[in-house]
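Each in structure tokens, the structures are laid out below.
Two complexes, one shared chain (subunit A), two partners (subunit B, subunit C).
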Partner chain A sequence: MAPGKGFRQSMSWLHTWAGVLLGSLLLAIFWTGSLSVFDREIDRWMQPGTRLAEPPPQVSLDRLVLPHAKNLAPDAPVWTINLPTPRVPVLQLDYEDPQHGRVRRYINPHTGELIVDQGSWGGTRFIFPFHFSLHLNWRSVGYWLVGAAAMGMLVLLVSGVVAHRKLIAEFFTFRPRKRRQRSLLDLHNLTGVVVLPFHFMISLSGLVIFCLIYFPSVAQALYPSDQAQLKLEGLGTYSRPPSGLSTDIASLDTMLATAQAIWTSQGKPGGAYLVRVRNPFDRNGHVEIRRAHTQAVTMNADRLTFDVTTGALLHQHSAAPIAGVQRFLTGLHFIQFDHWTLRWLYFAGGLAGCVLIGSGLLFWTGSRRARHERQRRIGARLVEALSVTAGPGLIIATLTFFVANRLLPLDGPVTGNQRAVLEGWVFFLSWLTTMAHAAWYPAQAWRRQLQAVGGLAIACVLLNGLTTGDHLLHSLWHGKAAIAGMDLMLLALAGSCLLAARRISLTCQARQSNSPPEPEAQRHA
Partner chain B sequence: MPDWLGSVLAFFLCYLAFALLALCQQAHRKGVDPSACIPTAGGQRMRALCATLCLFTALALLLAGQGGGFGTVLWVLLASAAALSLALTLAWKPAWLRPLLQACCLLGGQVSHRT
Partner chain C sequence: MGAATQKQNVKTAAVRRTGRGTLMLRVVAAIGGGYACTAALASASAQLLVLAGGMARSEAVILVAMLGFFLYLALLLWSFTEASVWRVWAWLSVGIVIGVGLSYGLALSLVEY
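The block that comes next holds the complex of A and B.
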């Protein structure tokens, strides 16, 4: 297909082919992004040991965390401590272990008890990183692919608006009772135009977050030899080399109180959310305390650094005005703020993005399937298989990830304490299986995979109730909103997918009964 | 006023605004009520003006209640949600908008003859 002569035709051509090329990747990014909106709630569901009551407003790190850190990671160069919040009602300790790599342990903020390793990456360490890196970390390939997709999404949005012939006349138009292709195009236009501000904002802010990866030459030009200076000025990451002289750690609680007093005196709302101790037992070690992002859209870069031995303030950092713009866009994307209405609207916006991309892919394959079959071309079949894989296939992979979490033993001999890794493998293998299924059984792929989604989502809810005791009624009754919300969303997903599969079945049956009967001779041939 | 109430009010104001704009279009008017009155040019302008007023009132409500950052983002997303909800109403339950169309016909200075 040629680009066309006029501007609108050129944009239409660009829209079509950029969509076909990037659609499946964008669908995967939008789906995992939508789930990442509730990544902490997914963590609670997948890590039942962390389903605790709301934490106390003040916790003592000296009493509750330092003994565990000294015991578990005496040689680790960095301890990162996340303070508990209503969404994450546990203290979180991260460190580097020579044998196990990056380790995360949870501590009960009420008792100081070390919670058994939950053996799952959950939403924050599997689904969320997939959203921006696709778990392809070699040479940051995943980051670049996602960046290209985000740029492509911006191109798709602009070209789509230009190519839309009746933007105003059909602004609110959706005709579900018209023929399939008409309804699909209406749905594509509707979710594209009406939710355009969200799609544009989320794609642009996603690109801005990783500007230092996508535009490394800017940082290299400004700081040709000193990356530490860039980190200090841009991000407030203070550093100094270890001295080799041992020391003991001053009170973290005192440093937290000092940080809080400084921020209060500056009129900044909210307290600390993260404490990072670098070189804990070295005379040159230091403690970085970061201010929480719950009170504003902008993700502030307020950081205070203290001396690990004396507790003296070494460095203060806040974002400069231009960096503040980047932090505002970053905050728009990360939604670390406490605002449940916005959180749900982001989730709905992300799902609308999935519908936008999915309906576009379906429209493209629907308008070419018959012609490509006649011409013995594989284009439509290939794109359809990829669409099924990126749509219901990815949802199946996500749900098998949840099912594996509930079925695999936490520390049994089969898993060798590596359940988190196995969960990841289950995700990718089941995703691969859905791709094979979509390629081999194209006629049934949508219906069968939607049915599988329905069955798996119900299985997730049942398994959660059976293995943790927190069945839906129990979690609703005891106010476990994260668990109840997750179960309810799974049931809603099951209902909508089974309904869609049923509609496809009925449509196929109606089409078969309406098609003319085969001639007798052919039937017996 | 609690934040959630402000958000709900803003959503319905946006919904009302988009419903008024949709009812400026003949296709949607016919979908809602095939025998609806034909609006005058002045009536159309009045609907568009009321719709703009509703959208700005929703924005003012959210800015006053939730501040510049949250208020603006919330307004943009609530407006999208309201427009999507309206499109779905027009697709499946257009009759729900009939009282609004009748009110427009009564109050908006429409031509009295019917199609």
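The block that comes next holds the complex of A and C.
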């Protein structure tokens, strides 16, 4: 098995080493990606103030949002307003604050009341950005790492298919009670084959979303002096510099009505989902309105731009054919359309990816642990510690993030974005702790950390009930699907991890009780 | 016998060292060279699509950037299967030279856009 020694041999080698090197990173990306499928529901769970009833079909931005925006962010260059949806039953106002950075506030769409700052980034602003940037924003290092991992995933899928050429036979083979290594490989092949099309699609579409970031030279070649022009022609992002002359903002509701009339006349379904005001109080300010894409896979780029003072239409955009293909692939990845069955299938596909990667890593370390120990090599131990960190360790970090969210008070010494930062620190510090634990106690790492996952997941459910009153019976009875779903998934996670931990300890006991003097020789005979 | 084993050990160590050297060369060629080759050829083809194919600029950029992932994937896989590391380097260099050269030449005709 070496590169350049025949096709299948090379692919086999490539599959092994790309998998060992990228496995942990891919595991982290797949886990956070799977959670991001339900990022809005995680938001509701972590931001109890936004657990409101279904929003009214029509809301007045002039009456409900503008007073708050003028009051909270009179100097902000951009206000981004998201209209309420069944999944996000609140009006959402985003702006840049000179002191607190990017601020997001929620407004009750029934009453127009400003909801207390929830002090949490939740799923949409912590877990989801981790999925594509790892929160490493310095020089976009995170984006490039995730891009490299996605490219590696494509390489792994192709080389895996070549290395395991008996796909159909392997698809029907799963021997969970055989020797551990045999079962692991069966599980790896099973998940690999069943979810292969989804994994290929999800990795490729993930890359396509950021194709302009990953190939900057292409844009540079055709737009050498003016990248803003590419944004205008490709995505309809209109811009003009502020004039310095002040003015007052025209009616956003009238602009929304105009936008709706234009789209209806063009035969396009659905209304606006986002309103973005640039330079709200400047004579050259403008308002961009985007059309919702809950009814189609393609995340359309239908954008209308209005003058902020007169409300006149300045620019109209729809995606050209190839940009439309890119928006289709983007939509395929983001799954923002309304289809709950598919959303659950995406979640299952993502978790199957975690099992695929995890079983691959376990197989590699399992077949080398004894030999590397004998030869005093660090390889297997290192990869094992890393896979524990990226597997149960990352789940522990996610759960302590949830626990911290329920324990930190909203009106304590830290509020708003500072409180959200604190939650982020809890995530990273607990993740670091699991890594230290995996490195120091390699023999017990899997079992102990799985037990910790079980305990923490149950604690999350209990804390949610205690601190918000929305315990499982209550949320099920009152139809709070997001909260009930989150609690049920946490319980399922706790159950499966505790079962796995129990099976590990039973196997260990069995091995200890009937082990001859040389357990290593026995195990690898 | 001891001397023979020692000689054998020295030999395998040497083989392993050169093996590692060519492996590093291959990995760098596949990941770095493959990317450079893809980016250079992609830029040149985007310019060609606009100049010769009459495609809109933004469309050409997006089309080529999307297809770039397939080319990069193919180059990565090929770089690890090709028997000779030197041939990998040679072909990738040819691709980079053609891409950069074309791109540089075409940039002059794109000025009026």
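In this section, the second predicted complex is superposed on the first by the 507 of 525 C-alpha atoms of A that agree within 3 Å, B and C clash if a C-alpha of one lies under 4 Å from a C-alpha of the other, contacts with A are read in each partner's own complex, and residues count from 1 in each chain.
Heads up, the rule we're going with is that a contact is a pair of C-beta atoms (placed from the backbone, for glycine too) under 8 Å apart; a residue touches a chain by one contact, two chains touch by 3 or more.
All values reported here derive from a predicted model rather than from experimental measurement.
By the touch criterion stated above, A:Y346 is placed in contact with subunit B alone, subunit C being left untouched.
By the touch criterion stated above, A:A323 is placed in contact with subunit C alone, subunit B being left untouched. Note on subunit A: of its two partners subunit C and subunit B, the one contacting more of its residues is C. Of the two partner chains placed around the shared chain by superposition, subunit C is the only one that A:L204 touches, whereas subunit B remains out of contact. When the two structures are aligned on the shared chain, A:G101 is found in touch with neither subunit B nor subunit C. Of the two partner chains placed by the overlay, only subunit B lies in contact with A:T298; subunit C stays clear of it.
Of the two partner chains placed around the shared chain by superposition, subunit B is the only one that A:L332 touches, whereas subunit C remains out of contact. In the superposition on chain A, A:T191 makes contact with subunit B only, while subunit C stays out of contact range. Residues of subunit C touching subunit A in their complex: 23, 26, 38-40, 42-44, 46-47, 50, 56-66, 68-69, 72-73, 76-77, 80-85, 103, 106-107, 110, 113. Residue ranges of subunit A in contact with subunit C, taken from their complex: 3-5, 7, 10-11, 13-14, 151, 154-155, 158-159, 204, 207-208, 211-212, 214-215, 217-224, 230, 233-234, 320-323, 325-326, 329. Touching subunit B in their complex are the following residues of subunit A: 169, 171-176, 190-191, 194-198, 201, 296-298, 328, 332, 337, 339, 341-342, 345-346, 348-349, 352.
Only residues 3-4, 7, 18, 21-22, 25, 27-28, 69-70, 73-74, 76-81, 83-84, 86-88, 90-92 of subunit B touch subunit A when the two sit together in their complex.
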